[in-house]
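There are two complexes below, and they share chain A, which is joined by chain B in the first and by chain C in the second.
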Partner chain A sequence: MRKDLGFRLGTGVFGLFLILIVAAIGFELTRQSMLSIQKFGLAFWTNATWDPVAGEFGALPFIWGTLYSSVLALLIATPIAIGIAVFITELCPQVLRQPLVFLTELLAAIPSIVYGLWGIFVLVPIVRALQVALPDALRGLPLFSGPPLGVGMLSATLILAVMVVPFTSSVAREVLKSVPVAQREAAYALGATRFEAISAALFYARTGIVGAVMLGFGRALGETMAVTMVIGNNPQVSASLFAPQYTMAAVLANEFTEAADELYLHALIEIGLVLFIITLIVNSLSRVLIWSMSRSAKAVPSTAVQPVAAEA
Partner chain B sequence: MLRRKLVSSLFVGFCGAAVILALIPLAMILFFVVSQGIRALNVDFFTHMPTPVGEPGGGMANSIVGTLILTALGSLMAIPIGVLSGVYMSEYAGTRFASAIRFAADTLNGVPSIVIGVFTYGIAVLPFKQFSALAGGIALGIMMIPIIARTTEELLLLVPGTMREGALALGATRARAVFTVVLPAAAPGIVTGIVLALARIAGETAPLLFTSFNNRFFSTNVTQPISSLTVQVFTYAISPYEDWHRQAWAGALVLVGIVFVCSLLARFATRKMSGFTRS
Partner chain C sequence: MLTNFEKGVHPMNRSMFRAIAGAAVVASAALATACGGGQPAGEQKAAAPVAGAPVQINGAGATFPYPLYSKWFDEYHKKNAQVQINYQSIGSGGGIRQITNETVFFGATDGPMTEEQLKAAPGAILHLPTVLGADVPVYNLPGINAELKFTGPLLADIFLGKIKKWNDPAIAKVNAGATLPATDITVVHRSDGSGTTYIWADFLSKVSPEWKDKVGVNTSLNWPAGVGGKGNEGVAGLVSQTPGSIGYVELIYALQNKIAFGAVQNANGEFVKASTESVTAAAAAAAANMPADFRVSITNAAGPGAYPISSFTWLLLYEDAKDKAQSKAMVDFVKWALTDGQAFAAQLGYAPLPADVVKQEMAALERVKTQ
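Entry: the complex of A and B
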């Protein structure tokens, strides 16, 4: 018994270390950004001027850039990711299933820097050509204004969308798998078409699907290298898809080593702190949703028709 | 009826199109990385140092060694912490403390890599006023820990309870049962998890930018800044020089190669493992 206690403590210490790291991140980021927090307060988040030379630090452009790019990326990625999840779990022939899972996972495994490299030399010229080809009537709209640079919000959004798809779709796949088979069979037995049966399954799995989307959102918020390389790195608040903008992660990547004075450094670390808090909230929320989904799904098969559930 | 069938076919078509839409960028990235990278990839790339601007040729020997050192340092830190906290989570699965570790691991896994970099800068660079390979290793280690911990936990839970009970029935202590019976049974899977974690952190750039920084010279000193493949590719990619762009593509090809080999290795190891997890 005594020996088991030693084992428990011995392994527990390492677990404790893991918990301490997370706590230390929050503590250290707060401590290191004190100067900026005290000097600017909440105005830090509403001021749109970022001028390190004059000592004026407003983080609004970065918050805006991060949220705008992530939300736009989600708008593109979510339908595609759900489509992929449905295709793999419900529609595709058995032989294709494993290869498709492997390929989508490969998309998640490619390093961010490689996405960025591809973005600079392949995607950006395509976006530039697209903007040049835009009809004049559209170019007047605020959404499409600005000179054709190629780098900017649209390039960042497209890259983010590609990077988020595998995360969202792999969780959505798991969630769809946890929908009882009996539920779909009941729909088919009632004469439902594929679309009707699958949308019933999707509706059943809605909590988990929202969780999957949130998880993708968390990824998009913190994505650094690829975005840094294509977004143009210009601290401005603009609705235009073609305007070069900036994100929280990108400003850290670019300016951290250049921060000459302490206030500048603290302002940057405060951006890191807020990025940490936002992703923490988004990820926790997404985990709670996915978890409550898989729990409620697990509870169902015991009351459903047994032989069907046993097939899985 | 016709309308319902039409909607249904449209939906099926959309799902198929979604798969193709996601595979297009994958194909494009792989195509460009291979076709562009192969042009600058030769023996020199692995054995030579970078050349100054305007001088063609050269390689990334220092960055490759740097990446190896950084991932080794990260693993040294992350493997014991990850595996042992994974052991705790599976052995004491129902406890409050195990849930707290699990929550911390999932949280840490979701922390953006750039934030890990900022944190490590605060604890390992600022106090010594010195970028170092060690700091880079710590940053990468922090990123690896949650991946290894969660994989270890999941795989240990897959080991049939009868194996542990058999060991305990023979009079083994819990520690002995875990370290001589349960852990070895799950070892192939845990190794897979470690390989996947390695593949992921070898491709990380953001946490290294202001921890290990970069180094133009060959260095194996862990207290000095060190070059890495990813940071070097970044430096080259945003430079205005043709030669450097070529080198960047070659570096990207090496990175993708590492990821690809690791994923294949991992799949191979899990296949060996799955024989007994299904029982």
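Entry: the complex of A and C
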């Protein structure tokens, strides 16, 4: 073991760098938002007013907009992404496989500004037409209230979903590929149908798939440019899919360059801090989730596949 | 390597450490040269402010005048090869921050610095108007080809969300003859902090006490109504796609992209369409009462033919900068920009400064210490 000491120390230093960088980001964000932290305290998280003229700042609409758009995007993207991954690994004819893999990965390589432009010129008019065509009975619901603007939560959610799909599906595909063939063969041997055998493989790969979904969530939380272009940039807390709203990343991109006033600047940096904290929380939660899942999987290793397959 | 490895632990460790330490030394040496590379040049400049010695000047700030400034710096460099001016268009707020922190030699802004900001700076800062810009109202009303007219209070009420329909009597009153539809009005504003928003809000504050009271003036606002688009192109894009919408964009942007826009009533009661001439006229009207520090708002100007939503854009210079060679070069440049340079302004769609203002600025430039 001692042979590797130098190597271990060397790589250890690099590993330590990572921790240092994260700590330094947290420290710097806190230091540079001190004015705002001192003035608003925890109320910053719950205040819904963002008024650069009067110097009153609250992050609630941005926190709401970020989480709402990301969760909705995840609800749309996850089934699609897992469907793509399952199709490519389990069902797809050999000829189609490589082109499909290539195309999903191509989606991930498109710059977000291009998604944003596509959003403005293609998606937004479609969404507006959809809003206009909505029956009056539904219009009364809080989920669909507001004038048909086209830009708003729904457009942002759809564009985010498209952007998240390649990330989730690529990772989910790799995870599914790593499921031992023996697992599927065992399921078939027990008389499972194709659907049940794939369910068994999915169950086996569940921790990895949760990881894939969380990766997509992280991507959705931090996405800036495409969302800014279609979400309408109106800081309000609304459940309506049609309402123009705002996200944390978007307000930073929008207002940072022209913020000359000290308190204003500090409030914007505190938005960055809030985003940093929320990202940390989300990632920690996903770690805990994966950890508890893999622990329960380890606790009953031999039965991991059986509950699903046994139903056959 | 292999023999070391076979021999045992320590030589391997040592060589590993050596490799890592070596890499670190190389990296820090590279860093030192990278940082030092610029500094000696700067010191030389400071030590020998001889005419003809190369001078490199860095500036940052407003995005609105960037196309003109880069043209100016380029043209000026062609004439005076020893002067190289670099400009980063990072936004007015960034420009003010950077000149206050002295990380750049000059700044540029679309809204004048506040008293508080001036106090925060380590030295006296001179505001120098360079050209003029203007905001125009753009709208999308299918079936209306006539050019609409707006009064200041009307625009304020629309952007406050008080006038909600296009056939509101207040709009119909100033647009006799146009058959206005009963469409809902969708307000579109800038989502990014911008001098364009500053000028718009500055005008609305002057014509509407309610706007001044409820919303106020800044580069970003707490908008009472509407949706935000990023940049002029974002606002124009949303307006062009949303029937019944109204927004505001820079005059240059509207001219370059051939977007139709409405006329606005000035303080004399005339309805004026924005053009480089009507914007210069607004500045000429303000020149008579120009304050010594040039920090003046010329919105809602009263002169004949003056377009009311106009504004100067400023260069920011320290009156007594540490580096006198750079000050000298900058003063020479500004003198050129205010005279010969103004021709490029009109070419690019910016409204040139009126002669009176140029004269006042030439006098003010004497305050910049170049020795």
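Note that the second predicted complex is superposed on the first by the 256 of 312 C-alpha atoms of A that agree within 3 Å, B and C clash if a C-alpha of one lies under 4 Å from a C-alpha of the other, contacts with A are read in each partner's own complex, and residues count from 1 in each chain.
Convention: a residue touches a chain if its C-beta (ideal position, glycine included) is under 8 Å from a C-beta of that chain, and two chains touch if they have at least 3 such contacts.
The structure presented is a predicted model; accordingly, all values stated were derived computationally and were not measured.
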Margin query: For A:Pro147, using the defined touch cut-off, is the partner it touches chain B, chain C, both, or neither? Pick first, second, both or neither.
Written below: second
Item checked: Which superposed partner A:Leu176 touches (first chain B, second chain C, both, neither) -> neither
Check: Which holds for A:Ala220: it touches chain B only (first), chain C only (second), both, or neither?
Finding: neither
Notebook entry, point to check: When the two structures are overlaid on chain A, which partner does A:Ile120 contact: first (chain B), second (chain C), both, or neither?
Noted result: both
Check: Touch check for A:Leu74: first (chain B), second (chain C), both, or neither?
Finding: neither
Check: Who touches more of chain A, chain B or chain C?
Finding: B
Next item on the list: May I ask you to decide whether A:Val164 touches chain B, chain C, both, or neither, giving the answer as first, second, both or neither?
Entry: neither
Check: Which partner does A:Gly6 contact after superposing on A: first (chain B), second (chain C), both, neither?
Finding: both
Margin query: Per the contact definition in the header, classify A:Val53: touching chain B only (first), chain C only (second), both, or neither.
Written below: second
Check: Same chain A residues contacting chain B and chain C, which ones?
Finding: 3, 6-7, 10, 120-121, 229, 253, 256-257
Notebook entry, point to check: What residues on chain C touch chain A, complex-wise?
Noted result: 9, 12-14, 16-17, 20, 63, 90-94, 96-97, 113, 117, 184, 186, 191-195, 215-223, 226-230, 234, 237-238, 241-242
Notebook entry, point to check: Where on chain A is chain C touching in the complex?
Noted result: 2-3, 5-7, 10, 13, 49-54, 120-121, 124-125, 128, 147, 149-152, 228-229, 232-234, 244, 250, 253-260, 265
Next item on the list: Under the touch definition given earlier, write down the residues of chain A that touch chain B in their complex.
Entry: 3-4, 6-8, 10-12, 14-19, 21-22, 24-25, 28-29, 31-32, 79-84, 86-88, 91, 100, 102-107, 109-118, 120-122, 162, 165-166, 169, 193-196, 198-199, 218, 221-225, 229, 249, 252-253, 256-257, 268-269, 272, 275-276, 279-280, 282-284, 287
Item checked: Complex interface listing, chain B residues touching chain A -> 4-5, 7-8, 10-12, 14-19, 21-23, 25-26, 28-29, 32-33, 36, 80-81, 84-85, 87-89, 91-92, 97-98, 100-101, 104-108, 110-119, 121-123, 126, 142, 145-146, 149, 173-175, 178, 199-200, 202-206, 209-210, 213, 230, 233-234, 237-238, 245, 248-249, 252, 255-256, 259-260, 263, 267
